[in-house]
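What follows is chain A paired twice: with chain B in the first complex and chain C in the second.
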Partner chain A sequence: MPNRKTALRGLAVALAGALTLTACGGGDGGSDDGGKVTLRFTWWGTEGRADRYQAAVDLFEEQNPDITVQTSFAEFNDYWTQRSTDGTSGELPDVMQMDLSRLLEYGNGGLLYDLGEFEGGVLDTSTIEEELLASGRANEQLVAVPTGTNAFALFYNPDLIEELGVELPDWDYTWEEYREFIQAASEAGAGLEPRVYGGNDYTMVWWMFMLHLIQQGIEPFAENGEMNFTEDDMREFVASADPLRQPENVTFPASRTEQLLPKSGFTSGEVPVELNWDNMLSQASQDAGSDNLQLMPPPSGPDGEKHLFFKPTMQLAVGANSAHPEEAAMLIDFLINSPEAGEIIGTELGIPASQERLDSLQVAPGSTDERVIEYEQRLRDEGHVTESAPFHPEGFGAVEQEYVQVLGNEFGYGRMSVDDFVERWFSEAGNLLITS
Partner chain B sequence: MSLTQQASRAAPGAGPTRRPSPPRSRRRAAETRAGYAFLAPWLLGFIALTAGPMIASLYLAFTDYHPIRGGSWIGLDNFDRLFDDPRFLDSVEVTAQYAVIGTPVKLAAALGVAMLLNSRRRGQGTYRSLFYAPSLIGASVSVAIVWKAMFNDQGIVDDIGQFFGMPAGGWVGNPDLTLPMMILLAVWQFGAPMVIFLAGLKQIPNELYEAAQMDGAGAVRQFFRITLPMLSPVLFFNLVLETINSFQIFASAFIISGGQGGPANSTLFYTLYLYQRGFGQGQLGYAAAMAWLLVIVVGIITLIFFRTSRYWVHYSGEGR
Partner chain C sequence: MSTAPRPDGATSSVARNERSRRAANRRRGRTLAFHLASWALAVVVLYPGVWMLLSAFRPSNQIIGQTGLIPDETTLDNFRKAFEGIGGISFWTFFGNSMFLAVASVVGVCLSCSVSAYAFARIEFPGRKIFFTLMIGTLLLPFHVVIIPQFIMFNEIGWTDSYLPLLVGKFLACDAFFVFLMVQFMRNLPRELDESARIDGAGHPRIFLSIVLPLMRPVLATASIFAFIWSWNDFLAPLIYLRSPDSYPLPLMLRQYTDQTTVSDYGAQMAAAVLALVPVLLFFVLFQRYIVDGVATQGLKG
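Up next, the complex of A and B:
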């Protein structure tokens, strides 16, 4: 039967074609055609960050004509979903932005390349303080290089505060004074259109809870991943904002937050203050379209001290599966050490980890970079930085997300009580935190 | 599917006819081989891409597998945990509401439009294409984004709503209004069932309506006594398909809520929660348990539809 034969032959051709196509898809991970190396580099962040990274990468490519860098970026949550699938299939990017809250998950899982072998070679880490560099170690390997440090801060919008006619507390303010400020600002903003509120519910900010614990003398997590705080500690903290919730809730409404996304109440000019990491100031200024957002520290603890700390902002790591770890290390070295890249990146990745770079950094007067550097300098000079960054156990990122996004959202809508919040967080944390 | 079986049973002459060919068994074997050869690409794909992963996920459902840390056998613990998980229960509630409200409304809309388009008028083809268009683009990312913008604060829907006295502030941030918004998005994509209804309507013999008119039956009576019963097989098909579809809603919810299922879990659909657990938190064992539970529940619902269908689905020529 000629018909069937032809059909079968056609089928065979189609199958062969399909197999060839799949074969093409297999050879991923940077081919070395003519000695040229392709690196994949990815990060989370907004367009502002992407512009800075891209400009630095362009310069790197110019200086290293044999290396091509493919860049990509995503929003924070999507970024980690992608990385976890990459990690499972052994396809992590050559260079990726890493966060302390996820480092151990990847580092302990053996998914990150030990950069120790390049130290002193293509990767110069001597410019980074040992304590900061240590934050990139897991299993006694250097699996990530910190890009810089940041400190927690209260962003404020002086123009809006003036419009409200309220008084911003001094640097040595207490939590009680902070609540009073929110109350007063919300009352002053009640008549405005759209209505202005004094602040967000600060107890739903994970790092405020961390800071609260540290101010009570509690180191949040032990080295083995166990929690050093109790349900009562969390309950007391979350309930501390009850005076702002009753009789009338004067914290920024969750529904409004939802509507304004991706902007925040602060960057939309509907809240005069926001608690955030200082390196986020340039992003906030861009979103708000304001050149006049300022920084001050969060409230002081019961002993009148700030108990602040510098935290590694983010890190750069190399996938253990990378075919070109040395070139990847070269890119990291360029990003953290070269003055040209430093000029481009500014304080976007935190105050530069390398002291040399910090000294050589030319910041424009009045720029957000200058404000961030001045803020950290003043914290240092006035002795507000007394702690080291809290230990981030494996699963830190997941419990933070549970606190802020999952439960924080429901709590913000008044769908659960303080007790429910605490109980549910602890029940999830049991699954999410990895203890040894 | 037994629907097609019954349909072919009902159609006389469609069955296998005897052909004059002596070496029947040899010929049949050759035909079978050829049949499998043609099936091979699909079969290979099915085994490698569907059946294999399904079996793997069945195994994972009984482990605490994590993509990076790996996992071990934990028996029924995942299922135990599910029923103590408040967010799981929220996701079941949201999905059930969506399916129970959304499916009938969508089918009603599809049937209504199909009936309007069934009459002979000029430009009917254009109208059919126009009404089908939302289904072509409805599942896309951009439509979900546009939808969100329309229902957002100061979006067009919010403005119209305020004109009619609804409170301002948009639907997106209000947990009581996000589910209706999602249902509207689904209903708007009534094109696929509409086309099927339209085909079903064309099958109804005109004589039935003429006879009914002669007997003095009004439009409403004609609809309930002729259109619905004659259309019941098609209605049944659409109902099963749309119900299963509604349990699988993911993309639009993911985009509109930014993957979070908010506000206050009001768009936390089952598949979205499964995704968060599996790919956001890396609890793939837990996610696999959820997936299998969904398979079982959808299977049971479909079975109930089939079992009850003989009471309300009428096939012409069945002689009942």
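Up next, the complex of A and C:
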């Protein structure tokens, strides 16, 4: 595994060089066959998503007999290996699923088609909130369209909390109260077999750091890719969990996390709470084998507000090399706007951004979908969503990975002090972030 | 040693018996230790495979996080799902693709590598040493180093989304390892055989086909086994070159069951992995004696 990982990384690096070689290569994304247009459409995911997309695509083909859609899908990491080779050779698919953390790698490289010219035409974007839509813009072009929203949340397992005999704070809790909860739950779980801990080390969750910054009024990254936060900001955040690490560590141990992979401590029933994106609830629920996992927002900032934001779950983009951009835009419009497709796709691509879509959704009562929709609705209604998703500069995915996987791991094993962590991250980030 | 040999070299019969009994004990102790160690190793090595096999019979949600071997509940659902295939494409399509690629690889490797090996081992052509060194040099290049230029090349020719990039190299003796293996094998074949054929008026094609090729059976079997298994397990090259899901081989299919961002079906993945293993295991069991044969013949010189 490590070998392949490094190999893939090498590939990505090599791609950057190769891009300049073949960017002019071009190519026809589909073939014309007697007026019939063929579109290639690809996404990451598993069979569940494939079934829904395929059903929607079948319907689209029925309504547009002149268009044939060739579909394919892959696992997330494999997907990006394929896209980077596609991008290298100017052979990106006509329609592809896109992720915010990778968008600019493709968008800034001129590999994505500017969908702006179809806005108001075949592509209706008026159903999407402008703040959400803005996340798909790069260099004043609309290079990707969001399919739905997700928000950050604290998953909790009421059954385990009851077993521990501790009390979960209310929605308006503070970071201090969150730490107290972890402390209390860890003490209560010390006698259980396997031992239950109150929570993971939340400072090692990249998005918690982002949220912390936003709650301090700092927009993490500037449009030119520069960081708006300092080493002190990060040090203060990482050190905030020190009371949980000393004198005795009451956060979920890194070694146990490693043992449980690909499950987490939370889905193994050894931690009562987990910070995660709300759309991951159904996976968590399946992994945990429990229908009773619930959601609440992360802790409030110093002003008592949540400062939460919606992030596009996924986006759809069109390769700049596409020979049929208009038909590709029609497919995107169909997927995000048509009620028929909405019925088929459900919440697979995140909670639909438009109200009409939401209303037309038929969600099974008591399902995880229903809980996620209710959660986002309550965030909206109670005014917890006050920010727009933080800007993702080029290299965002890489610095996140450095934070969580590379350094986070070492830090979790106690091989690194807070100061070392901050110093190393900043020196790596300087190389990984692409500023202009 | 209490019963050291006497200076004259003779030992008393009592002492001799005593010694041989001790030696036998020691041997038995050593054999026992060896077997115990082998068993312990076998358990460690086989555990993941057995775990996979038994997990395939578990309900999908009971697989991850279970380290025990015996399932609490057994089900054949995973196999039913695996046979249904994924994304509207049946398991047998993937299976057929894998089989086609593997068999074509074996044919390509056997044909092209044996001819090239013949040239290197038997024909004195100018620059032979340099070409041989260059060929061995390609062994040092990992696949990941050449993948980008190779991709660009095949893409310019327009061969992506076909099996050509995966197979053409096999028919052009690009697998230096197999050429090297066959050259070494051929060097051990007695030259007198081809010399006598030459005296009878045979040229290179005739010598190769009638004399050398039949003698190469063991090494061809070895190369076939490796070519089959490597092609069957190959993941990265098909991932990059193939675009249409109905042309995917099995390893790509296996990866489609799990995804970190959505709901994963570990059960069907385990079942499909077991099914994917069966042919390669059979192939190995059927042909492995040829590997042994190959080694044995290698030893018989002259």
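Convention: the second predicted complex is superposed on the first by the 335 of 436 C-alpha atoms of A that agree within 3 Å, B and C clash if a C-alpha of one lies under 4 Å from a C-alpha of the other, contacts with A are read in each partner's own complex, and residues count from 1 in each chain.
Definition applied: a residue touches a chain if its C-beta (ideal position, glycine included) is under 8 Å from a C-beta of that chain, and two chains touch if they have at least 3 such contacts.
No experiment lies behind these values; they were computed from the predicted model shown.
S.K.: Taking the superposition on A as described, I'd like to know which of chain B and chain C A:405 touches: first, second, both or neither.
M.R.: first
S.K.: Report for A:363: first if it touches chain B alone, second if chain C alone, otherwise both or neither.
M.R.: neither
S.K.: First (chain B), second (chain C), both or neither: which does A:429 touch?
M.R.: In the superposed model, A:429 contacts neither chain B nor chain C.
S.K.: Output check: A:87 vs chain B and chain C. Expected answer is one of first, second, both, neither. What do you get?
M.R.: It touches chain B, and chain C stays clear.
S.K.: One more residue to check, A:109. First (chain B), second (chain C), both or neither?
M.R.: So A:109 only meets chain B here.
S.K.: So, A:254: does it touch chain B (first), chain C (second), both, or neither?
M.R.: In the superposition, A:254 contacts chain B only.
S.K.: Identify the partner contact of A:78: answer first if only chain B is touched, second if only chain C is, both if each is, neither if none is.
M.R.: Both chain B and chain C are touched by A:78.
S.K.: Intersection of chain A residues contacting chain B with those contacting chain C?
M.R.: 4, 7, 11, 14-15, 18, 77-78, 81, 85, 88
S.K.: In their shared complex, at which residues does chain A touch chain C?
M.R.: 4, 7, 10-11, 14-15, 18, 21-22, 25, 40, 44-51, 54, 70-78, 81-82, 85, 88-89, 91, 260, 262-263, 268, 280, 282-283, 286-287, 289
S.K.: Please output the residues of chain B touching chain A within their complex, sorted ascending.
M.R.: The contact residues of chain B facing chain A are 34, 37-38, 40-41, 67-69, 81, 86-87, 152-153, 169-170, 172-175, 258-260, 262-265, 279-283.
S.K.: How about chain A: which of its residues touch chain B in the complex?
M.R.: 4, 7-8, 11, 14-15, 18, 77-78, 80-81, 84-85, 87-88, 105-106, 109, 111, 254-259, 261, 398, 401, 405-406, 409-410, 412-413, 415, 424, 431-432, 434
S.K.: For the complex, which residues does chain C have touching chain A?
M.R.: Listed in rising order, the residues of chain C that touch chain A are 61-62, 64-65, 86-88, 142, 144, 147-148, 151-152, 155-156, 160, 236, 239-240, 243-245, 252, 255-265, 268.
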